[in-house]
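Take a look at the structures below.
Look for chain A in each of the two complexes below; its partner is chain B in the first and chain C in the second.
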Partner chain A sequence: MANLLWLQGGACSGNTMSFLNAEEPSACDLVTDFGINVLWHPSLGVELGENLKRLLDAIVSGEVALDIFVFEGTVVNAPAGTGEWNRFCGRPMKDWVADLAKVATFTVAVGDCATWGGIPATAPNPSESEGLQFLKREHGGFLGKEYTSKAGLPVINIPGCPAHPDWITQIVVAVATGRGGDLTLDEFQRPKTFFTSFTQTGCTRNMHFAYKVSATEFGQRKGCLFYDLGCRGPMTHSPCNRILWNRVSSKTRAGMPCLGCTEPEFPFFDLEPGTLFKTQTVMGAPKDMPTGVDKAGYIKLTAAAKAASPAWAEEDLFVV
Partner chain B sequence: MSAAAVQTLDISPVGRVEGDLDVRVDVEDGVVINAWTQAELFRGFEVILRDKDPQAGLVVTPRACGICGASHLTCAAWALDTAWGTEVPRNAILARNLGQIVETIQSLPRHHYGLFMIDYTHKNYAKSQYYQEAVKRWAPFTGTNYELGVTISGRPVEIYALLGGQWPHSSYMVPGGVMCAPTLTDVTRAWSILEHFRRNWMEPVWYGCSLERYEEIQSYDDFLAWLDERPEHANSDLGLFWRMSQDIGLDKYGEGLGKYVSWGYMPHEDKYNKPTIEGRNAAVIMKSGVYDGKADTHKTMDQVFTREDIKHAWYDEPGGLHPFDRTTNPVQKNTVDPAGKYSWATAVRHDENGRLEAGPLSRQLIAGGTHGESWQYHSPLVLDMYRKMGGPSVLLRHFARMHEGAKLYREAERCLREFKLNDPWYIKPTEQDGRGWGAPRRPAARCATGSKSRAARSRTTRSLLPRPGMSALAPRTRRGARLRRR
Partner chain C sequence: MVVPALADLTASAETRECAVNDDDGKREEIKALLTGGLKIEAFPRADTHEAVQAIVAQLQAAKGDLKARLAIGGFTLTPIEHDGIEQSCETCMYYKVHRRYCELPELEVPVEPEWSCRLWRI
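Right after this comes the complex of A and B.
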């Protein structure tokens, strides 16, 4: 039995909706098979008003144990650090977060908003939003660099906009089955098991990447989305093409360039004019290279790729 | 009744609403006589979009709401299409519609079991003869049909993922079409997903009969006859929902304003290829309209009458502007003042008809009208129920939502039949200056929403984004009109 509380700050509920797509385990399986006791959830909870306040007070006082505290959405600090632009259960949400994080055995940030600020923290960040332990790349966030939950771990960051349901459920199951100690986190506190490989790992367009065959516009039946359409698959850490979305596909498989949403900078370039769905270039070479590749290496790689490219690579591959 | 008998309650939060919502109610003799809804979250999406890439709306606006992102994406794409004067190929219109449809079909069981029916298991209703059965089926997480319904709700959006890579939060709809180019296997898989959803939930659990039998119901009398026809009907989740709702009095509550709006939705694949703001009403399958319940009259809805009232909303702006003319200027100090400003939501109204209710009941009441184009969708059932049951109620509002599912299911099938796989999915447009009103306020999965943008070449000078639920959760207007609900 593990008590789980899920709250939302500056959120869209997208991670909740994603979570509800889960299978093996499904959201219900977590409750019935893994003994997760959902104390409350903003979309699913039965209690409201005073009854919820009593529950939250009991958690803060330690009367009810909080094994897993899941937070979705940003911590809103506006206006002027007061947090009044996001009130919940009679007070600024940020005050609840501060109190609950102190008593949680594990604290889990789900989605970009809770991990690094996400869309709401995009310039000019009108809601003065930040993530639980990061603001974009900057370590600290709302809870501060030194924060650890009672289990001795910093905030477990499960980024993505939204996070994939399996990334959430597998972490919850790991904790519920006593394997929380096996979690290893990267420099951004993401579970390494999910966020070491790249979005490109397993992409169906890898051959087109290798032969530098570009999808030059949308709706084509071939081509890599990296060269012209701004895909960030080669420099984004996620298992989107290993653990498919909604069991069937991924954005890059369907023809949508990866936006890099598991990385702290998302949305990249603050959505400035000219940066959407267009590969940013400097002197004809991509401004952001595949991770670890330098410009000289890239030029050699693509020259060799072009030279080696077989004729079929220019023909439609994903045919009717 | 003396004023002293009125008790004021502040409920914070009201759960199961996207975004934090508080409500203040005045209660007299156990009946709510007055209510103020307070949206308690401001993120400033319109402020973020100012001076950004015009296509930033395709990434940002779906993320306004994770429940109805496809509606926002559709709006954002059509807004840019109208601003840039694009040509949208037939396949792309179908692919956009299909995305919107499957998101909405997803929401039916998820909302029904996850958010709505769990209240029927509340001990307040323990006296109902249906209570034990309700608890068995609908208790949160453990109810037999709760588990089935919530889990199967993930299936329809697998079709969204086939088109856009994932649900929620894809941006696959772009000005000029869609990013994807589906193959035959995508279409056949989508068919099998639809079939699975129908054969494992819609028919055996929800209707207790075939979809075809359900579609024969065209009037209130037909419905009552269907309910009594076989025990499978009466004991289906629809049958039990209907009977228990009447048993606990939900046909008596939820009067509302009595005036309704739908913007119309789902552009026809052959009628909106060169989209314009003016041409939209005559191009959508699900027609737009304003229905006045008291006068029993229908007319089409024109966006020029839209006004956003901010008298009670936390913005420093002139009130009563068309959404094009708003600037989204939040106040700094958002103190709750029931007589003054008390919510981040604005109140949308019709310049001639005042406050209107949006949502599935409205869409069905408008679908019952004989106005609009002769080829547009017409469905008389809910309007007939409305007339014969003495107007709106919680029961009818929820029934209308679920009833829409049958039409949407058929329309999803039609999209799959109509795709011409070798034809184009995208025609690259030229960016230009313009003002867009993209399929304004399409019915989002659970409410009504909309998007409009004004694009100067290579940047969005302004993008306004009425928040989902705005029509449902809005505060009062200057004239004090408000939704009455329990």
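Right after this comes the complex of A and C.
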């Protein structure tokens, strides 16, 4: 039996909604098949008020073991570092986070807000938000660079806006079944099993990417979304086109550009008007190149690929 | 799900064919305008995102006016070399190779591969 506690800071509950939609395994499977005891969760917990405070105090004192501490949302420090804008059970949430992280065997940050600060931490960041161990790309965050949970691991970051349901439950199951030590994390503490390949990996528009045929308007079923509509699939680490959403689709498959939500800089360009669904260019070339590609190589490749593109690549293949 | 009748599909194929045939006439018209001394703004090139947005906004205002679109877009019948790169329609991301057509929604004009405009992007 592994005790799990889930708390929310500066959050929209999107990751909770995602978690409750998990299928492989489902949230119920965690309890019935994998021996996870959900001590409390904002949407599932039955304790309220003083009863919940007593539970949290018991966890902090060590009377109740905390095997997995899941945090969703930012750590809110406003105003002036006090955290008073986000109070929970009689004190600032950030104080609970600090105390609970000390006694947790594993600490898991779910969603962009908990991992890197996400949208709330976008400039000018009025809520003084930060992630558990990062603020955007900067290592440290609320718990500091040196933090490790009792298992010796740093915060396990499962980013996304929201994180895919199965990324959450599969990592929780790995930890609960004693395989937490097998997890390998990348430089941003994301499990490599999910965050090594790109969103583009498995995208149904890859042939249009290869032949440099662009989608120029939403709703077009032909064309790659990278060249004009701001898609970040070639430089975003996520398995969105391998572990499909609702088992059937993904943003890019549905014609929606990837917003790069599993990367620390999300939302990109501080949400400046005109930046969200438009590929930013410098001297006519994309400002952000596909990972590992330089500008000179990109230009040569693009010119050659476009010249070689077959006629069918410019048409809608997915006819009724 | 709405399934179009076979007749509809045939009609849309015919419409497409007509559009392609119309391209040749339009291309000749553009060529005549450009060789006839139409004043165009080939510079400054759209080097930044802000410059692109500004030119696109002007094009949106010009709507169906072909001469205005050619002028604002800065069309030339030969490639412009800028920052060491030859900016021809042929390599532009909006260019449809087989139809020889610029698919930028604000332009939507038939072109030739060696033509150029200041919204070129790769």
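FYI, the second predicted complex is superposed on the first by the 320 of 320 C-alpha atoms of A that agree within 3 Å, B and C clash if a C-alpha of one lies under 4 Å from a C-alpha of the other, contacts with A are read in each partner's own complex, and residues count from 1 in each chain.
Just so it is clear, a residue touches a chain if its C-beta (ideal position, glycine included) is under 8 Å from a C-beta of that chain, and two chains touch if they have at least 3 such contacts.
The structure presented is a predicted model; accordingly, all values stated were derived computationally and were not measured.
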Next on the checklist: With the two structures overlaid on chain A, would chain B and chain C clash, or do they fit side by side?
Outcome noted: fit
Checklist entry - Touching A:162 in the superposition: chain B (first), chain C (second), both, neither? => result first
Item to check | Between chain B and chain C, more extensive residue contact with chain A | outcome: B
Next on the checklist: If we overlay the two complexes on their shared chain A, which of chain B and chain C does A:228 touch? Say first, second, both or neither.
Outcome noted: second
Checklist entry - If you stack the two complexes on chain A, which partner ends up touching A:197: first (chain B), second (chain C), both, or neither? => result neither
Next on the checklist: If we overlay the two complexes on their shared chain A, which of chain B and chain C does A:274 touch? Say first, second, both or neither.
Outcome noted: both
Next on the checklist: Quick check on the superposed pair: does A:311 touch chain B, chain C, both, or neither? Answer first, second, both or neither.
Outcome noted: second
Next on the checklist: Output check: A:303 vs chain B and chain C. Expected answer is one of first, second, both, neither. What do you get?
Outcome noted: second
Item to check | C-alpha centroid angle, chain C to chain B via chain A, nearest 10° | outcome: 90
Next on the checklist: Touch test for A:284: chain B only (first), chain C only (second), both, or neither?
Outcome noted: second
Checklist entry - Is A:52 contacted by the first partner chain B, the second partner chain C, both or neither? => result first
Checklist entry - So, A:217: does it touch chain B (first), chain C (second), both, or neither? => result both
Item to check | Shortest CA-CA distance between chain B and chain C [superposed frame, angstrom] | outcome: 5
Checklist entry - Of the residues on chain A, which ones does chain B touch that chain C also touches? => result 217, 274-275, 319-320
Item to check | Residues of chain C touching chain A in the complex | outcome: 1, 3-4, 9, 45-49, 52-53, 82-83, 85, 87, 90-91, 93-99, 103-105, 120-122
Item to check | Complex contact set, residues of chain B against chain A | outcome: 9-16, 18, 20, 22, 40-45, 47-49, 51-56, 58-60, 63-67, 69, 92, 110, 114-115, 118-119, 122, 140-142, 146-147, 150-151, 153-154, 157-158, 160-172, 174, 176-181, 183-184, 189, 330, 332-334, 344, 421-422, 424-426, 428, 458-459
Next on the checklist: Considering only the defined contacts, which chain A positions touch chain B in the complex?
Outcome noted: 8, 10-18, 20-23, 26-28, 31-32, 38, 40, 42-50, 52-53, 74, 76, 78-80, 84-90, 93, 118-120, 122-127, 129, 161-162, 217-221, 240, 244-256, 259, 267, 270-277, 318-320
Checklist entry - Inside the complex, what are the residues of chain A that reach chain C? => result 212-214, 216-217, 227-228, 274-275, 278-285, 287, 298-299, 302-303, 306-307, 309, 311, 314, 319-320
